[in-house]
Structures are given as C-alpha cells and as structure tokens.
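See the structures that follow.
Heads up, the next two complexes both have chain A, just with different partners, chain B and then chain C.
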Partner chain A sequence: MKKLFTIVLVSFCTIASLMAGGSKEQAADDGALHGSLTVATNASSPTFEAVEKVIELFMEENPGVEVEYTTYGSDYENLMKARMAANDLPDVFATHGWAVNRYAEYLMPLNDLELSQRISPSVIDTVTTDDGSIVAMPITMEQSGIIYNKTILKEAGWDHVPRTLDEFYQCCEDVKALGIAPVYITGKDTRIQANMMDIMAVSMLITCNDAGDNAERLYDGTFDWSKWAPVSSFITELRDRGYTNVDATTADPIYTQEKLAFGEAMFNFNNQAMITSAWELNPDADLSMMPVPAFHEDDEQIWIGGERECYGIWKDSPNKELAIALLEFMARPENAKIVCDMAGMPAGFIDIDSEQKLSEDYAQFADLKIYPYFDREWLPSGMWATMRTIGGALTAGEMSVEDSCRAMSDSYLSLMSQQ
Partner chain B sequence: MAKKRSTLGTRWNWLKSITALAVSVFFFAPFYIILSLSFKPRTDRTSYWLFPKEPTFDAYAYALDRGDIGLAIINTLIVTFFSVILVLIFGAIAAYPLSRHKTRLNTLILSCFVGVMMVPPLSVLVPIYKELVTLGGINTYWGIILLTVTYSLPMSVFMFTNFIKSIPKELDEAALIDGCSQFMIFPRIILPNMAPVISSVLILTSVSIWNDYSFQLYVLQKPKLKTITLAISSFFTEGNSNMPAAAAATVLSVLPVAIIYLCLQKYFIQGTMDSAIK
Partner chain C sequence: MKKEKQSMRRFIGSDPRALTLLTLPAVILFIMFVVVPIISGINISFTNWNGYSQNYSYVGFDNYRKMVTDPQVWTSFRNTLIYGFGSTLIQTILGLALAMLLSSKFFFRSGARTVIYLPAMVAQLIIGYIWYFIVTYERGALNDIILLFGGDKVDWMSKGFRAVMIITFINSIAYCGKTMIIFLAGLQSIPAMYREAASIDGANAWQSFRHITVPQLLPAFTTSLVLNIIGGLKMFGLVVSMTNGGPGYASHSLSSLINTLYFANQQAGYSAAVGMFSFVFIVFVNVLLNKYLQKKERQYNG
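Entry: the complex of A and B
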C-alpha cells in the first residue's frame, strides 16, 4: 500500500513539475527584445526549411527571443479551425490563401508597418479586407497553372505548351501514346480534384468570352449552377478518355513528388512548391509551370495566384511587439530573398530580386493576368469540402455531372443563407 | 493401425506448422518492408520488398536529428507512463465498489461508463479543446494526460469490474472474519488477485496511448512536446514526403512497445481470457 501511495505521490509531483514553466514575456527594459513566440504554418520542405532559417537568423539577432516554429502539414486547417473556435491562435500563423475570407477577424492590421508599403500589387488585394486593412504579409506569392514535364512534352511532339482546352486534350492523347500517365491524380486525398476544378472553374466560368455576368451572380447568390457542368466534365473527360493514372481513385499524394521527379507523369495540378519538392529527389527533373489553358479558342490563358507563404499576427496575441519585430525581420529584402530562392516561389514584395529556375518560363507568359482561386473569391467559405466530395465521386464514377451541379448548388445556397 | 495414426498425426502437425509459418510471414511482411525502407536512401526507387544492397543509416540520422524522434520517444513515454498509472489506479478503485455492491445506482454508473465508450472522442473535440484552453492545459503534459486518462478510464473500469466479479465474495468475508478492515480488503485481498487483468489493461491502454494521434495533435502543439505519432507525421506534408525517414522513425518507436509486449504477452493473453470470463 505504501508503495502504491508513493507511486501516486511521485506521479502527481512529477506532473506538477512538468506543468511549470513556459512563460511568455516581452520585457524590453534594456532595449533588447525578450520572450517567446509561437509561429505555425502548413508549409512543407523546402519552404519550411527556408522560413526556419530566417527565424534562426532572427533569434541570432535577438538572443533574448525564442521562436517556436512548427508545421502541421495537412492537419493545419483542422487544427486552426479548432483553435479559432477556442480563440486560441498562435502568435504568428500562416494564412494559406485564406487571410481575408477566413482569418481576417483574428488578424491584426499591418497597414502601419513599413512592410505593407512593399507588398506586390499583384497580391495585395488577396490580403486586404473590404475596409482596406492589410491583414497578412505574403513573403512568397503563387503563380500557378499546371505543372508539366518539358522533356515529355518534346517527346510527345509538342514545341509549345497547350494553349486551349482542346490542345490540352490532344497533348494528353499524345503523351498517353508514349505510355506515360498524362494527368496524375491522387484520389486518396480528394484535394487534388478540388484543386483541378478550382483552377479550371476560373477559366470556364469567369474569364471565358461567354462568361457574361457569372461573377456578379456568384457574388449575389443567383448563379445558375447548370453552368458548372463543363468544370465537372473536365474530370469525367480525363477519366473516360484514359488520360489519368490507372490508380487515380486510390493513389496517395505522397507519391506525386516521386512521379514528377522521375518523369512518370506529365501534368499535375499543384503549385510551384511541388516542383521544388520534386527537385529535392531529382534536381535534373525537367519540370515547369504552364498557364491554365483557355476554355475557348479565342479566350485568353490565365494564371491562378494569390498569397503563398503568408503570415499574419493574431490580434489578441500577448506578444504583439515580438510578432511585429519578427514580421519586419522576415520582410527585409535579404531575408525574404532567402525564402523565395529556397522555395522557388516568386516574391510577394516589390523589391526582391529572386533568382529561380522557372523565371525564364514565367517570362514567356508575363503578359497573362493572375486571377484568384475560384473558391476563395467567388464561393462562400465551406465550399471546398463540397468540391472535394464531388471531385472524388466524379473520378470514381460514383456521380454524374448533373448530380455534381445539383450538389454544388445545394451546398452553395445553404452556405449563402448562413452568411 | 497405430502406425497409420502416427503418420496422420505427423502430417497434421506439419500442416499446422506450415499454416502458422504462412500467417507469421503475412504479419511480418509490413515490418520487413518498414525495416528495408529505413535502410534505403531517399532516392532509391527499387521495390520495397528488396533489401538495399548498400544499407545506409542516413534515414535514422535524419529521423533522430530533424525529426527529433529521440525527444518524441521521451515525450511519449512520459505521457504513456503517467496516463497508464492513473488509469490503473482510478480504474481499479472505481471498479471495486461497482462490482461488489450491486445497487441500482452502481448499475447505472457502470452503464454510463459503457455508454461513454461508444462516443467517438473527436465528436466532442471542440468543447474539450475550449475547456483545456480555459484551464491552461494546451501544450502541457498534464493536459494531454488528463484527456487521455478521461478517455481510457471507461474501458479499464469495465474490464476491472468484470474481473472482480469473478473473484468469490467469500474471500472478502473470510478476510473480514480474520480481522481485516473493510478498506483494506481491496489492497490486501482483491488487488493481488488482479495481476492478469492489470497487465491486460496496462497493455491495451499503453498501446492505445502510444499510438494516439488526434488528441496529441490538438493538445501538444509545441515542437518540443511532439510525440512519436506527431513526429512521424511531420515526414509527410502536403506535396512532400520522406518515406525512409518515416520508416526509420517507425522502427525506433515500435521497439519499446514490442519489447514490453513480448515481456508481458503471457499475462496479456491470460488476462484477456480471465477478464472475459465472469
């Protein structure tokens, strides 16, 4: 009995001692910064390592500050939703494209900081709320379309990237003849199908010549969802014509990096970070990014973009002074350049001269406009989940295009009524 | 006739051995793949079934250095050890009166314990998370231990109650006649007889806590508090994966559980059977 009692006592004492510690302070009596900060992101390698390096430099410059920088990868969104519900957010956190639509009410305006004057005009709107508050700082920005392999493109007999949707299908046919999967889809995680629709929907519903007043109707809730059919059909066409990998419904996204690195897939709907990841495995992988194909022959091609590695400060953070110091440090041209160079992403600031492998390829399409992702701009928050559901069902042949339009309509009307 | 019977018996034994071997190979295969993968460089694209010709410890070095798997093992040991101790103590103490005093209230309490086991823990995540934030339990060991103990107790109470029911009440009466006080019956008479079920609960609870991911993800958000499952998951992010490092981390994290299980498996099997029989 005595032993049992001792064990219990020791257990409680140890737990109590483990509870102690972890105070946050930012006393600045000696002018230097002191305290601790938590910084959270969903970034993967090499972006994570790049930001981590900059944070280490910050800690070297401010020995009294300890920054805990961590990534939650694909769990990040769920974790942040729980933390928003509890109003308990990290001091500084990545907004992953949702700075305005999801996180704005939790973020501190950065308009008074010098860094806000340097944010690139092509990305500033995505971090600015309707009342003009700049709520996040984009270190890198996204300029995405479709990842492709330049060597396979040449082998398939193409000297230019497909300009229209019809050319894209033809290119897929030619690549298929080489015995290579034209479009690599990883259906185990339906994010990729949702992303495909998110990108193609802008071209098919917003920027095409017959778009009419689609954008306005999406804003005011009167959109005719039968017009969504071409977007869903894009996935069913790829499936029916055999332009996807054979395991499209079950493939795990963790293999995308490998498939792209070793030339086993031609096209993939992801951002530049995936190309940089593939180069980690094979630095010679001949990968690049092409703009989104035009829906009709006479339409313009477009880029999809917005903020990428972008950080905001929690408005209720007890360590605002430290958080501001960190953001200002990260925004310094030499530090932002480190992130852009290592991550292989364009800078979110106007004065960063970043050298990247893809710069030449991007330069060919410099005159194309950059549009935001469809769901971030034209859909109410929450539609991403619906797009994932229908994307997965369309790939697996469990849902017709008409049913997918109805599902989108139902979800859209339901979410609009809650706004 | 006897010779024929002996031949049949030998054949039957052979068949049993071959079946056992086949089943063992089937279950060992995933471990072999993990082991083989952990010795491969990241760029090795040969089949997972092929052991690398030039094994490398790079993945282990990466797992220990970048993945901080050593710290993760220590964190997991702390969470598991204290959670299991508390589950065993409170579970056993709660189970004794529930099994010995069959009142309506006790039956209701036991039903509640069983009922709680049916509630998916993540379905009440947000209110629990909010509560922990209010209590200051996020990013603390006691926070995750409290949560883990809460969700592990119903099963331990259920198993302990069933087991104590199988211990004859006459033992309690004999102890009382011999001068043992009512309070000392449990530690002196009942507890020593509970070794098999204690090892059962210990193994089931510790394995479940060791492998937990969801609660630890939400409660332990600081990198220095990462447990094994969180450390391994950090090798898989959106668009990037490091399979050899994840495999190496898995090998390192499986070892302690495997050793404990092998040491206690006799009690585990016996305890599971005993606690199933009333």
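Entry: the complex of A and C
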C-alpha cells in the first residue's frame, strides 16, 4: 500500500513538472516575459498607489512576470546608501531628485530607449549626466515655489500672490496680523531650512538682475561668498520679524500636513506632494503653489523644478530586459497619465494630457522659467549638509549671517579642492 | 557515538589549553562585529568617502584637523560629558535612594520595584518619542497643563542648554531602575550582622550607612558607574527622538552627530574620524574609572 502510494505520488509530481516545463517553453517561444523584478521607491500615498496600479497592469499584461514593488518610506535614502555601498541594488529604483548627483554611477543609461525622446525638455537636464547619459525616467516632475493658502491670502487683503521679496514680507506681516503663522518651519528636521535657502538662492544669486557672473564663478570655484548674506538673512529676517511659527526650531515635520490642511499656516517651502497629502486630511483645503518671489522689483519670478517620481535601472541588474520592459510600460502615455492624475503632479513626458487641481494656477504663470535647485546645479556635491547645519543654526540664533557665509565658503572650498 | 564523546573528553582532559577552543565562537563573533568594524572605521576616517559610492580617495589627517576647529564637534563633546556624567550622578543618587527604600519591607514592595524598573526595558527611542509628545510645543502634555493653570505655552526644547538638561534628566529617571536593581542586589549581599554590631556599638543610621553600607556597596558602585557612564556617553536614541540634535546642533551628542554626519550629511569619512575620537574617549574614561574604583575596593577590602 505504502509502495503504491509512493509510486502514485512520484508519477504525479513528474507529470506535473513536465507540464509546467512544457508550458514555460511554449511561452518563451512566444516571446513573453518571465521572471521576477524588484522595484523600490520612497513614494508615499497617493503616488505609491498610483505606481502600484500601473505595475499591476504590467503584471496582468505579462502573466509570467512577478514584480515586487515596495516603498521604504522615509528610510529610503539611508537604506539605498547602505545598498549602494554594498553594490547590491533593486533592479529598478526611484531616484527622488538625485539621479545625477548620487545614483548616476549605479544607473544604466536609457538614451537608446524610445521613451528617452519623450522626456519633457524642462526636466531632461536634471536626469542627464555631464557626458550626456540619460540615467532615469521621470514619470512626474516637480514645479515648486512656495505653498500658500488662497483663503488666508484673501483674508489678509491680497488679490494676487506676492511678486517680490518685499511684497512677500508685507504679506507675512498682514497674515501675522490675522494671528496665523505666516511661514511654517519644522526645524526638528533642518532639511526644511536648507530647502528654503536652496530655493531662494537661485532667485537671489542666479536670476536677479545684478547676478553678474555669479554662476560662472560658482562653477570655477572663485565665488565671493559674502554674496550669500541675503540668502542667510532671509531665514534670520523671518525669525526676527516673527514671521515663523513659535516652535520653528523644534517642530517635527509630521505636523506640516495638518497645519496646511486646516489653515493654521500660510506659507510652507515644500513640493506639490505636500499639498496632495494635506488634501488627504482635508480635501477642501484651499492650497496652491506660487512661484519664488523676485529678489528685486524688476526681476522675474521663477519656478524651481526637477524630476519627481522617477525611476532608473541598476546597471548591474541581472534582469535588465525585464526592467526595460517595465520602464517602457510605465512610460506609455495612458499609464503615465494614471500616475500624474492620482499623484496630482505635472507629467515628466511631453505627450501626457493630465489635468490636476493645480493646473489652472500653474497656467497663470506659464511664462515663468523653471530652474534647478541651487545645490544640485551650482554647488559641489556635499554642500547640502552645510546648508542644513547653517539653516538650523540660523533659525536657532546660534550663528550670525557672517558666520554662515564663512561656513559656506569653507565647506565650498574644501569640496571644490576634492573634485 | 559514545566513543566519540569519550575521545572528545579525553582530548579536552589531556591539555587544559584545549579548553580555550570552547571560546572560539565568542572570539569569532567578537572579531566579526567589533574588531573588523573598528579597523575599517579607522581606515574610512582617513578618506573622503561619502558613505555609498564605490570610489573615494585618501585625504590623510584632513578629517582630524577639521574636527579640531569644528564647533559642532566641541558642542557635541560638551553635551556628551553632560549626558554621561550628569545622568550618572542623578541616576546613582536616585538609584541608591530607591534601593534603600525598596529594600525595607512594605506593602506593594515588589510591585513598586517592577514599576520603577519598567522604563529600562523600553527602547530609548520609544521613551524619547513619548517624552517628545509631553514637552513639545503644539499640544504637548506639559504645555496643556500650563494652559490649564492660565500660563503661557513654552517651547521647551528651543534653547540648546535647556534641551540638554531636559534630555539628561529624562535619561536619568528612565534608567534609574537599572541602577536600583544593581544596588538592591548589593544591599542584599551585606550580612545583617555588620549593621547589628554597629547598632550595638551605638552608631546612628547615617554612620552605619556611611561606614558599612557604602563600603560594602563598592562593587555595586563600580558596576553601575561604569554602565551608566558608558550609557550616557553613548547617548543616541533620546537625542534623535527628542530634538534630532537641534535647535541647530546645540543638543547633539557625539553619537547622534556621527549619525547625522554619516547619513544626512554624507560625510562618512569625517563621521568615522569623529567616531574614532568618541571611541578613544570612552575607552580612556573607562580605563581610568575602573582603575580608580578597583583601587578603592582593594582599600576597603584590605
């Protein structure tokens, strides 16, 4: 009896495995894809759900492919750094604005793919290395300035967003009079102050009418860092005039979403993703994005931008063929549109027709130019750290504006000498 | 099978040195997780590595030179001393007092011991986050209480030195339970006859505490001081969860600064150099402390 059972079991297994093998070969003949793929991102909802949906569609179209899509959330950067140091990366991963400066040496150039021809001109530079390799595919792009609350703006007696820095300060004064925190700063994580300086520096040092040869001097290492003073002063001015929340040095970033959603803060320096997540708490929050105010009266306002939800392929991935297929699938207009619509972000491709809540507001400023973040274009890699340190110290009053210029200069010179 | 066992026994019995073989697993683990990281840390501290690239170059003593003039490092070093010695002082006093109290018999004694020890079993980060929501400006429990009594809200962690003091205090009360357990064990090992003899000789409570309890507790002091000082000098979780080193960099400890430099600032080489400094300093403090306390123990034990 036992013997019989064994025979039946063995023969069953053999038949089953033969059948499975047979179907596999047949499918391979059809040219269908097989295998598994790991995809990692730092995206949170709703962007994560949007990309997840597209990946599910991909798996439906390719039943032989198993894609494991995970988000590491706020741990993403540290985990990816550890994985880069070990040279062991996911097949496809999100580059969150750092495609060129951080991940380029691990990414496969995408120039030969058709999709690279469709990347929007306003974002393509941010994913292209110095030698012309396009290393990542931006599904959505960022077009940032300052987040503001339209209702509060009206209540403060303004019929337009502040156009210049002076108007911005005046607007802060009017908002402060309403008893609302004009600029919301969450200094427990000094990234916010670094981001503020990163945005304002473009307007104050690059696009203003007296910028002169600042850009060239920043590239060749001869920049006079006393010119940084207005950028640091922006932080200290806000602090000294009482235009920030009282707990600007200690507030945790987790509060931002709620403060914006319920109209307890007027301005915040973040990207559109913060507006989208505030809408999750309160869909009626009257939030929008305004361009960066001009430094002088006769300067232009500007946008700051770059890639947003953006994926690249690990250059040593054993599943490159699959990874390319996935990227091509995600880049199809109908799929990219899903992500843009759900995440509420402008598309990184030229041929996507996506309507978002903010589209109308952006349309008002369609003529304004988009510039990259200051540190990604005009500073040597590593200066972000210095900007975080001085940003935190300036808000806390531990550092004078002059000291912060000196700290920037020291760090800049030492990083330039290492290049 | 039985034969194998016997031959093993014979092998170990033949030479006492063979017994050292049994330490092999521990030695391997120690080398893998302590020696190798220290050596690679020393190596990294001479580079400009950013923490993730496959490429980096050696920069000699640049990182160490930079450290000397970096106000972040010195502020963190000062804070580390406060965290280390400040919380050791408070913890020892509190722990000893609690141990004395809880070694006397009263109702709910074992319950009280558990409650006091409980926080020591919770991860430092969790304790930190709980306290963050007590002292935070927006809807912090402490500010809610102040509002209830008609006061004004205070942003407790916004002043550097005050933040350092608050963190030291929280660390002390969270971990005084550990110190208490060590002292309790020490107290129970003191034979009752010494105190009886002292009371017959007419010693008062203070005298018997000063001349019998304290000297007899010296081994317990050694253990708890060393553990507390190392714990304080390594302070990390509370700083990260309560202030993240802020405002600015005013409340960083060396450990949290090393973490920030490595991960946030991408200065792995510099971070490793600060790490080496911290390592050498902790070793130095502990060697001195151990030497001193062992000398004291010998003095008392004759």
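Before moving on, here are some points about what is shown:
Simple rule for what comes next: the second predicted complex is superposed on the first by the 389 of 419 C-alpha atoms of A that agree within 3 Å, B and C clash if a C-alpha of one lies under 4 Å from a C-alpha of the other, contacts with A are read in each partner's own complex, and residues count from 1 in each chain.
Criterion: contacts are C-beta pairs under 8 Å (C-beta built on N, C-alpha and C of every residue); 3 or more make two chains touch, one makes a residue touch a chain.
Everything numeric here is computed off the predicted structure, so don't read it as measured data.
By the document's definition of touching, of the two partners only chain C reaches A:A385; chain B does not.
By the document's definition of touching, of the two partners only chain B reaches A:A40; chain C does not.
Contacts of A:A393 after superposition on the shared chain: chain C is touched, whereas chain B is not.
Of the two partner chains placed by superposition, only chain C is touched by A:K188; chain B is not. In the superposition on chain A, contact of A:S74 is made with chain B only, not with chain C. In the overlay built on the shared chain, the residue A:A363 is in contact with neither chain B nor chain C. In the superposition on chain A, contact is made by A:A85 with both chain B and chain C. Look at A:D247: by the touch rule set out above, it reaches chain C but stays clear of chain B. Once the two structures are superposed, chain B and chain C can be ranked by residues of chain A touched, with B on top. Shared contact residues of chain A with chain B and chain C: 82, 85, 87, 255. Put simply, chain C touches chain A in their complex at residues 48, 50-55, 57, 59, 66, 72, 132, 136-138, 153, 155-158, 160, 243-250, 261, 263-267.
By the touch criterion given at the top, residues 42-43, 45, 78, 82, 85-86, 89, 125-126, 129-130, 133, 138-142, 145, 184, 187-188, 217-218, 221-224, 233-234, 236-243 of chain B touch chain A in their complex. Taken together, the chain A residues at the contact with chain C in this complex read 77-78, 80-82, 84-85, 87, 102, 105, 187-190, 246-247, 249-252, 255, 381-382, 384-385, 388-389, 392-396, 398-399, 414, 418.
Residues 1, 4, 7-8, 11, 14-16, 18-19, 22, 38, 40, 42-45, 48, 68-75, 79, 82-83, 85-88, 90, 191, 253-258, 262, 270, 273-274, 277, 280-282 of chain A are the ones that touch chain B when the two sit in their complex.
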